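This report refers to the structure that appears directly beneath it.
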Amino acid sequence: EPALIFDLGGKFDKSFNEAAHNGASRWAEETGGKYREIELQSEAQREQALRRFAEAGANPVITMGFAMADPLSAVAADYPDTKFVAVDVTWLDAPNVRQIGFAEHEGSYLVGMMAAMASKSGTVGFIGGMDIPLIRHFGCGYAQGAKAVNPDVNIVANMTGTTPTAWNDPVKGSELTKAQIAQGADVIYAAAGGTGVGVLQTAADEGILSIGVDSNQNHLHPGKVLTSMLKRVDVAVYDAMKAGADVETGVFTMGLAEEGVGVAMDDNNASLVSDDMKGAVETARQDIIDGKTTVVSYYENDSCPAVSF
Amino acid sequence: MTVPAIELKGISKSFGPVQANKDISISVAPGTIHGIIGENGAGKSTLMSILYGFYKADKGEIWINGAKTEIPDSQAAIAAGIGMVFQHFKLVENFTVLENIILGAEDGGLLKPSLAKARKTLEELAAEYELNVDPDAVIEEIGVGMQQRVEILKALYRQADILILDEPTGVLTPAEADQLFRILHRLKDEGKTIILITHKLREIMEATDTVSVMRRGQMTATVKTSETNPQHLAELMVGRKVLLQVDKVPAQVGKPILEIENLHVTDEKGVERVKGINLQVRAGEILGIAGVAGNGQSELLEVLGGMRPGTGSIRLNGEPLALSGPGSDARTRRAQHIAHVPEDRQREGLIMDFHAWENVAFGYHHDPAYQNGIFMNNAALRADTERKIEKFDVRPPDGWLAAKNFSGGNQQKIVVAREIEQNPDLLLVGQPTRGVDIGAIEFIHQQIVALRDKGKAVLLVSVELEEIFSLSDRIAVMFDGHIMGERLPHETDEKELGLLMAGVDGKAA
Amino acid sequence: MDFLTIIQVLDSTVRLATPLLLACLAGLYSERAGIFDIGLEGKMLMAAFFSAAVAAVSGSVWLGLLAGIAASLVLSGLHGLASITFRGNQLISGVAINFLAAGLSVLIAQSWFKQGGRTPSLKNEARFEGLEWPFAIGPTDAELAEKPVSELIAAAPPVHQVYSEFLSGHSLLVYLAFLMVPATWWVLYRTRFGLRLRAVGENPAAVDTAGVSVVGLRYAAVAICGVLCGIAGAYLATALQAGFVKDMTAGRGFIALAALIFAKWRPWQAMWACLLFGLLQAIALRFQNIDLGGVVIPVQVMDALPYILTVVILAGFVGKAIPPRAGGEPYVKER
Amino acid sequence: MDKMPKWADVVLIPVISLILAAILSALVILAIGEDPVEAVNLMVTGALGSTYGWGYTLYYATNFMFTGLAVAVAFHARMFNIGGEGQAMLGGLGVAMVCLYVPWPHWSLALLAACAGAMIFGAAWAAIPAYLQAKRGSHIVITTIMFNFIAAAVLNYMLVNVMRPEGSMDPASARFPEAVHLPTLHELLAPIGISFSKAAPANVSLLVAVLACFIVWALIWRTKLGYEIRAYGHSETGALYAGISPVKITMIAMLISGALAGLMATNNVMGEAERLVLNSTEGAGFIGIAVALMGRSHPFGVFLAAILFGFLYQGGAELALWTSIPRELIVVIQALVILFTGALDNMVRMPLEKLFLALRKGKA
């Protein structure tokens, strides 16, 4: 049976881990299969959880988050018969690991475009959680997308904080939202875990638009969330579980082409998305897939051409 | 025969393993002053606290004015007309006098009317009993004498008919004590019943009608004061014969050890407490500093002991001492052979939670005999403690007991033993026998005199004139930061010193 | 920085200071009575959860508020039991309460709502909404003008800006919190209860021998502390936010404690201290990555700025803070 | 005379308190619809049933010993150091610098240097609050709380902007070189023929922690400095009388405290992660407060309390691994343990004291 290791945020973080949880649940429902899971609560448990599941015969063992890379590199070799699936890890040299990266910047680029198109004020906002490179990576794609639509667009980018509480401080998220509104922002993209709940809430309260992240968050405030940047972790997890012990190893990047990232369109935001927007997003999506447009990744040289953090 | 105002029947009380009161019965006639004496730890305060509802007795009955009365808490005691002035005052230090007086006796939920009413009543009481206090003064800023008045006023404000005073004169000047006794007699004449706990036989003889003696939790005797004498009472208390006067040979005075010139001390609040004094203490003599508490004696001792800075000049054996900055701390002072028995043994002289043997090194923990630079030599320390405990008759003779588990007198013995056994050139002593019982006083006085007889200098600060007279070879009186004058004990008397202590120059007047 | 921005920063300050202020006053009552309380955080958190949970289930924010207060009171009772009745260590009790709240709130939320330790989002009537003052620019005007509120306010004259942005539009609990300041001052210094409360924190023996129950007074103080923490938690979950998220107090209880010490346990000063902390946070939120002529101050510095400034202020301007003398010590008559 | 024999005080009371906490925890587990017996079983076998479990239990315990000792030393000088968290974070920075920027021939040398680095950084982080307390009267509780937040910002800045290897998206330092790998208990015990789980992270820094317990014990109860620290802690006026400088003791006690907290990094950063990550302290600084309080600030008590909390952590992890019990349950159990053994201690003590007194009276 497969095992799933959630990162420190916990499986109900309304975004990244929750997406994995959704994928796993879908698999369990569809196949009637069972899986083991653990929500990490400390750094030392990373390796522990890997080993315990591997020893117990779980296969594949699916991990969430880049922070698992390091323990995986130590553990994977000890269990050559076990397949590991590492979401958000792409740089390991291990034969029995399926490494899945997401091109978050590409998805963020698309929502950035939508933000700039939906904005009346010409100012769009970005609120990140803890200030780490991954979050800047999101923000950077977003800014590029917004600039692509409107080169004069003003982008206000804020991070919630520098400690892990930054992922769980909706109150601060709220205040940041109000601050950005005061600076003119009328569409705000939140990539901030639990803090994002506060961002979406306040945006709805204040009558501006917000953009969710990772999972489809459109339903949180129907008609007030412009869209969500989907990171199809659920698909990745579902696929891996479905493949079971035969899961293919290697490095896989799930970008727009692979439908690993995307924008959420559903009934909840149908009224907000004009046909223009749909068209533009579709074109850009195709251009990126075709390589006509390149979205610069923050990781390439630790800086962003479109916005500074 | 009249109904007794207070009757206690078979009161017993233990604190964990300690039996503080054993089957005590006592009866006090209304309109009398009843004294209770007993050694430290005899259980006097405990008994009275039970009467006041502060502690609950394990067994026994309380009868007030002929009726059996349950006193589960102080509220009930107050309702029964009992007021108590505790040995350790129960005042809120940063409240005003007025606030302390109304606390618990307010009328109504708002303070304003209560305060106004209390102010008026206070004026009346003050006039009636000569108990003048500034109602708006903050407790921590007034002297202990004043604080005690506040405590008495508190009881009177609650219309107490029975007033208990637990060692009220421990902190008072003779004049203040005299005034207190005048007030007590006034109250007695008005028909109030008074219970007075004290260690001072003189006060018992002068003020009380009857007296009870307690020893080790039991009531050993109750006698009419007119039918007894101090010697007899002392023997009842201690269970053996005691000397009431210190035997001492005339001083063999040598060269000056301590020379103080133009010393000034300012406290944390910026108030100048010592205003340029000059003093000399010579080898082989005890200089007694008399004065009402709070006139700068404490600060003088603290500067000499290295606990606070001052300005001016001090020489020890001719060598100048630093008065501020490096080298003015207590550690240096000890290295310079100045020993210090502080005024407050519990806050300064001892660490109450330390074992007795740890306290024996307190202040001298740098002494090579006790440590090797890094580690304490606990074995040596314990051996030394055993010796001191034996020599100074500390009871119980157990060095492992925490300081707080010794009675006050024995705590003081530990401090005195530690300081005197250092064989210092100069011994500073503050209130050496405050709250200490007769047996221990005798012993401590002997030790101080013995040190002086070895040719050492002693600077004694005491508010007890009796103590000053019986120990000093020379007496200086301090008032408001100045030395009012120096006298030889046999050339002066309590009256003259009392005037000097009040700031009146006896000769000039 | 223009005038409107300043107003907005101040507006944000008020919102951020409110939970701090409520918790700080809560601590003030407790600590003035001699019961130290580092469990403010836990009580707020528990109250935040229960207020949101009950508001979500019942649809009534008032029931939510009551539930929050009740939850906080239960923890207060526990603190009282430990530190008053059983004369335990008040710091340990506080630490335990913080842990207990952090764990229980999520545990209960999970087994109740199965939403990963959250409550469902609260709909309008289950939340405290902003009170719009007469003539203030608010959502209704915005709907009429078909422009966002922010634009309308930007166009208004300064006085109207102050009125609409800074004074109006806060939730009822904000005004309540600020009213609690003079109220607390009055209770503490003008009533019998206040006199006794202060006395019991300074010298419980004095209160006891004056015939007043030390235990009763201290429980009363701890209960008031519970009520105020309950309001603080409810404010977080039902006024500032629309629901409970785990650990949503995010250290505010500790900041409130810092403010209390900063204020030297006095009500007006507590308000100023909380406003200062709120202001520092508001500034840090608005101005990240300040570019000072080529030198970019990193966001981390701005993030830590409130804390750094607190230390600087403490070091430079505030003298020794002396706590209530009997604080932290259980009242033990018989050893 | 004491009210109770010492063994009752030191053993009986904590044991009864723990049992009470366990009973309540069991009720909580029942309330969320799980089987408490099964849960306890899982926790005990998971944490203590194998060398693997012990390896993790001891690993966590090592962290808590350091932070518990840190709090305890400050307590003896009557200071409440809530800053263990920040000091341990900075200790991690010190360890990382030592390990990354100096080529070490052997782990033992590296460990010595890392200890020094950790202690210096930890102590430095405690120095400012200590100085402010000693000289300016700023309350140590606030300043250390503030320094925790500031430490997090410093660490974040260092990891995001300075120490992160090029191209890595993880806000963490590079992996330490193989030469500074600390031997785990497996590697330490294998030569003497004891087989210990290879996987568990407990490592040689456990010995450092035990040594630290012993040194702190000797420091507090055997040395002159310890004597001064305790004297100052019991009575400030007393210290003044005895010529003990409050400024000196405040500074020294806090520096020692900070150094001890910093030392934790030898375990979690050098011994386990072998690189510096954000949030590597994971609240161990705060657990240290509970550990010190439970251990009555005595190093041996701290040692035992640290192992108890290590057990809870590891047992809880196993619980989370094999059941669907949310991880917050462990937090609740911790809270109950702290509550009963620490705050409600007298609830057990008072009746016991009565009982012992009655027994004694009965005999006498």
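Each chain gets a letter, A, B, C and D, in the order it is written, and its residues are counted from 1.
To be clear about the criterion, contacts are C-beta pairs under 8 Å (C-beta built on N, C-alpha and C of every residue); 3 or more make two chains touch, one makes a residue touch a chain.
Keep in mind that this is a model prediction, so the values were computed, not measured.
Peer 1: What's the overlap between the neighbours of chain A and those of chain D?
Peer 2: C
Peer 1: State which chains count as neighbours of chain B and simultaneously of chain D.
Peer 2: Chains in contact with chain B as well as chain D: C.
Peer 1: Can you tell me which chain pair comes out on top for contact count?
Peer 2: Chain pair with the maximum contact count: C-D.
Peer 1: Relative to chain C, which chain's C-alpha centre is the most remote?
Peer 2: So the chain farthest away from chain C turns out to be B.
Peer 1: If you average the Cα atoms of chain A and of chain B to get two centres, how far apart are those centres in Å?
Peer 2: The separation of the two C-alpha centroids amounts to 75 Å.
Peer 1: Quick check: how many Å separate the C-alpha centres of chain C and chain D?
Peer 2: Distance between chain centres, rounded to whole Å: 30 Å.
Peer 1: Taking each chain's centre as the mean of its CA atoms, how far is chain B from chain C in angstrom?
Peer 2: Inter-chain centre distance comes to 47 Å.
Peer 1: Please output the residue numbers of chain B that touch at least 2 other chains, ranges allowed.
Peer 2: Where chain B meets two or more other chains at a single residue, that happens at 16.
Peer 1: Would you pick out the residues of chain A that each touch at least 2 other chains?
Peer 2: Within chain A, residues 10, 131, 162 contact more than one other chain.
Peer 1: Mind pulling the residue numbers of chain D that touch at least two other chains?
Peer 2: Within chain D, residues 149, 152-153, 156-157, 160, 326, 330 contact more than one other chain.
Peer 1: Quick one: which chain pairs are touching?
Peer 2: According to the stated criterion, the contacting chain pairs are A-C, A-D, B-C, B-D, C-D.
Peer 1: Within the complex, which stretch of chain C touches chain A?
Peer 2: Within the complex, chain C contacts chain A at residues 4-5, 8, 12, 15-16, 19, 110, 115-118, 121, 139, 142, 148-150, 236, 240-243, 245-248, 250-251, 281-282, 285-286, 288-289, 296, 299-300, 303-304.
Peer 1: Where on chain C does chain B make contact in their complex?
Peer 2: 189-196, 198-199, 202-203, 205-213, 325, 333-335
Peer 1: Taking the complex as given, what residues does chain C use to touch chain D?
Peer 2: 78, 81-83, 86-93, 95-100, 102-104, 106-107, 110-111, 117, 246, 251, 254-255, 257-258, 261-262, 298, 300-301, 303-304, 307-308, 310-311, 314-316, 318-321
Peer 1: For chain A, which residues are in contact with chain C within the complex?
Peer 2: Chain A reaches chain C through residues 10-14, 18, 131, 158-159, 161-162, 165, 168-172, 174-176, 178-179, 181-182, 184, 186, 194, 197-198, 201, 205-208, 220-221, 308-309.
Peer 1: Mind listing the chain A positions that touch chain D in their complex?
Peer 2: Residues in contact with chain D: 10, 36-39, 41-45, 47-49, 51-53, 66-67, 69-70, 130-134, 137, 162-164, 299, 302.
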